[in-house]
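For reference, the structure I am asking about is given below.
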């Protein structure tokens, strides 16, 4: 047995552990979910929980099991190649995204069996003496993919539940959504960040998505970052100051969207029940000290302009965040909501990781020298690099271990159903 | 005890029997239905099975129980007044039709409990010594309403199932959907019908919807009616003769709809699997002798023009049908599909009742002297009298006892998901 | 020379006179029109004035000149066969209706030359010794067609001008749009009309559109007709009584349209300048005694329901109107607006012809025994017999000599840009 | 008289000359234009020529004349403040962009008078002894604004004319659109460009739009640029290789747009007349050696991927272009079409300025330290910095003197009606 093989055996063992753990986490998330809640699609951009469950298994079947076995692969069900393919055009046609909610079949029980079938086959593979590196990397990718869908599953469910007449909780555990009133956050202070020629993006070692690479250098002017995220109380001042009525504060497209959609507040704030917003714990009072979440890029940008500031670029964020440990709260905290920052002057950046995704001013573009993954997996990120904005830092429903300083999330500028919040920035000379 | 009360007691007893029987039928229709199949909405015009189940109970709660009890009424759930109100603007706001498929809650089990709760209260009421006539009439209306939704439940389910990747059967009983090849129907023959001044519509006695009244007279010229419905084989000739490609055969709006929708055949014919169509028994060979169904008014009209004929008016149909007994096959036949007419020259009208709804050339308009029901129930029919066409005769999924010679069904001219077929007519002088 | 030929020579002479006169009228209507006003299209259902001018010539070129000459016909411009074809699918493809306003070319001067060219050729033909009857009938049809477009030209121009920032008059002649305050119309009285078996539609003699034929009999119950049209003052009462806010008054589709379009008053009433409406003479005070115009079928129907009445059927209207002389005001009156009825109790029907088209409750359907014209001209009327409502009587911008008791105009139920008003009806027994 | 005033007098004199010259150029562009051609709007993103003519005058009236005179300003027409305001929300409401083609009034003659009135007032102002610097800068901005609209006027006209049935030329001068076959361009060669820390954007001196500032530094890796633009012949190879049918070559949104719009070639290539495209000189043969133009960002990006290359960033382009003189052909060349590059190996960058706007991979984002102009003029650029891509270099219809190395044009990723072409780039390491 060579050193290489030995290394791979160890890697396989770790991968198998990760695989078991992460797949079990997904199961936990849908524990006790009604089949009909799992089947419904609340809007074109959200998917049914059942679909997330099946799609993440399809990803392993398609890119691992089928890749290993080739034509000898006997699929669990032929049709899944189409209906649980999200958007990989190179491996066949995909069921239209906006029709995922038409899928009565397979039912939830069958999808659960599909997951078990996939796990059996995957764990058999992971038990092999020697796992080729390329395959191990695909499995690792599959696990990060699974984590992304864990978060989407929760945000999509939140959207669906918010539309129900009884606004039900996803988890009826009030203690998990109560946000401890530990004292008020201080007035927003600004952390000073140095400029210069710096390195950005992920290096060759360790897991990262293709879009985080290659590591490359950029020049940054010195800048200021808000020490914490913008709070609900602060955002309410924006609203009360006519923020949603003053076109001069908005990007032109943002103003159009606001008008068409009739936005007057963040997504889950209840116009008919002032002071309440919908959470994964049902309708709850809006904590003034908690960060505002469920705002679009357009709203974040308008708020920043109103506040005499701007959004940071993704590189400003990364420069500052790369100095700090990756500490949540993440989904494992079971808060399922974005908590307030600890009170008092901090003198350092808070709420950098977990809590809420932070909109940046940066369009999602390829890094210099970007190379997509080979084959169909090259569709994972690169083909979305148009009309999307980068978000950084993760949120309270991101799985621990999933984000890092170089992690680039991205959404359309009008997306509001993720846990998206606002960190401000300023030029130094201002 | 007065004679009137006695009469009503007997009526209540009959009504109670009818109530029990019809409500049980509805239960049977959804026996074993998966919760997710019951929750999904396949298009804006179709409703989830679960919604049908709840709405028909709401109808009794709203128009009987609440009417009897007034403010003392304690509803099963406050929210149902909105979410299961279909379109009665006078009793409150209604949940948008196209969003019925967003309702994860209540779940199917709760809806079943709602039906039981409704039944308990209704049967208690029906067990009263004396049931006021007005109330008895509303309950009768509610039962006919329930029957309409039994049919819609099946056609809406058919639509949803047809979109599933595995095209599953609603009832996996092959014998029920096999259509016995009893010999070929004869060439279409024409029944000669006399004209003259005739009476149409329902008289004062017996149950009828408001739109069937009052009974009134009209002049008819003599006319010819096709003895049976147009068959799949005949409709295929129309297709092969370029029927879907020749604008001269079509109404102008029909041609636009055809173009926008890309119609090239009846709704459930499979373009990718010629010779097959989707049925409640899954994918099945198209029986050439069975009547063509799932065609719109526009297609029926175009076919008739191609065939050198026309569609009958609703009055021509009624004049002929009122001479005939109301004999199915209806839904109780368990065919769940429109069967071929018996072979051989008949010398009489066939397939008049049951089998397939027959498009007429008549817009759905009020009869002379039409009076809608008082109050919110006046919204049942009258407010739809614009841009709708009348269909007559019932279908293979209409409950027995529901239709009659004066019964007026109506749909938009582009509707195709009902069991809608074609009976031809001609002027005598032609 | 045979009697037949002689007859035709005389007919040709009369036709030639009619031709000259009507074509000159069209020219008068666009006298002094700016080229840019003539080129613009204000909505998909309206056409540029220039297009009307060219299309009416194309009609003669296509159905007369080309028909006579066959392949030897040398068109004025090859492309006109497409761009000025309105909807005759059998003679070739038609430029999309909603893109008529994209046609910068031909310019207005060229279109005028096209009209002259057409007139030269037509008058040469009309000067022939012997004009075949079939051809004479097509020319007569062409002249009635020209008259229809004269009216459309004015109503389409009105719509376009109404959208201009300066709301300019089509004809700046204040005397023509001032409506003489001759005293107030009396309270609405009802004329009693007998029922019975009666004849409707046009007989074989004289010009009529195919849709007016054949003459046939129908049974009518006795009915009441409002002696005059509903006035602006009466319609304002409907508005002030919440007419546009009460769904119970509306047809279901009408309520949807009202909501989507935000209707709160007739089309040209100015929300920002109460008491004014846009007319062909520019912004003018709304005469309370003049008939309300520019209402849709839905609004007319809702008004009638509010008033405890209903719209008449087209047959009720015809039965009453066929007793009366066809007297305007028509477009020749130069009022270009619907004038008030003369004051005082009348004891007879007023405002039957001219003034305003009167919505009927009748869907536009073929008469029993209806036969469209042969060939492409069969597309003139028949193919629009779906989802349209019949209007009767003509309007203040209809050319004199164009309407008659049997004349059936038709529009979609939501159309408002014609001079469409309301005559009420009631059942006798009410 | 102080030196400062003297300087300003000289500046005013130069400005007055520029003003006269540029305004006259605009007049020349619309010389002999039919009023109806000038009035029509071919799509929401294009404006009528008449509107461009009026809007550019409004810009001077609003931001210069009204600014100078304040409340004493007597406008040419009150309504123009709304109808010729493009999008400056801070100075009042703006007529909807997609309804500019509804404006029959003012007519073209009145708009010409409005331009004369504006010129009289502006030239009076420019003749003053002392012109405040801030005002001079606004006038300079107005002149650059006028130049932008000169280009838009031509591209919008091209779009409108392309839709006419006779595909007419804007200028019927065949010599101006014939593209001299001087020999074939060489195979594409790559120019090597050094990386390093470099300065970008406009410095404080001279005119530049706010979005070009401030000058700032960025790091560039070394890169390769295609020496000339991609030719029609090369783009045809992409088409013939299935470029429009292979999703793997496209950005995801680009593929959706392609599918919805049915793109199979650049905008003006005629599917029904292969080898021809529409030009400002009418239908012309596609010169295989001329650069492909009228492609969207999505098509440019897909082509680049197919060619194994990528689009340059705006900074790569600027780094290379800033070394080169700004030499056209611009609109003054009267070509009105993008000409082929001179033949033979060049060893240097060709077609950098003029010819065709070059899509870059860069989203239109604010530069570090970006400050919009104060007041309503701050809406000029900044509010469009979302979902737009930067184009560089100018085109064959850009006025000479308008572009420079730092100039940033921007359009949506699906825009095709500008003269937009493709310059390729590559990483050095590839």
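Per-chain residue numbering starts at 1, and chain names A, B, C and D are given in the order in which the chains are listed.
We take it that a contact is a pair of C-beta atoms (placed from the backbone, for glycine too) under 8 Å apart; a residue touches a chain by one contact, two chains touch by 3 or more.
This one's a predicted model, so the numbers in the text were calculated from it and none came from an experiment.
Touching chain C and chain D at once is no chain at all.
With centres computed as the average of Cα coordinates, no chain lies farther from chain A than C. Taken over every residue number at the interface, the positions common to chain B and chain C amount to over half, indicating a same-residue contact. Distance between chain centres (mean CA atoms), chain B to chain C: 38 Å. Per-chain Cα centroids separate chain B from chain D by 60 Å. Taking each chain's centre as the mean of its C-alpha atoms, chain A lies 47 Å from chain B. Those residues of chain C that touch chain B in the shared complex are 87, 89-90, 197, 216-219, 221, 247-248, 250-255, 297-298, 301, 310, 313, 361-363, 365-366, 368-369, 378-379, 383-387, 413, 427, 429.
Interface residues of chain C, counted against chain D in their complex, comprise 34-40, 42, 50, 79, 82-83, 95, 99, 101-105, 107-108, 160-161, 163-166, 168.
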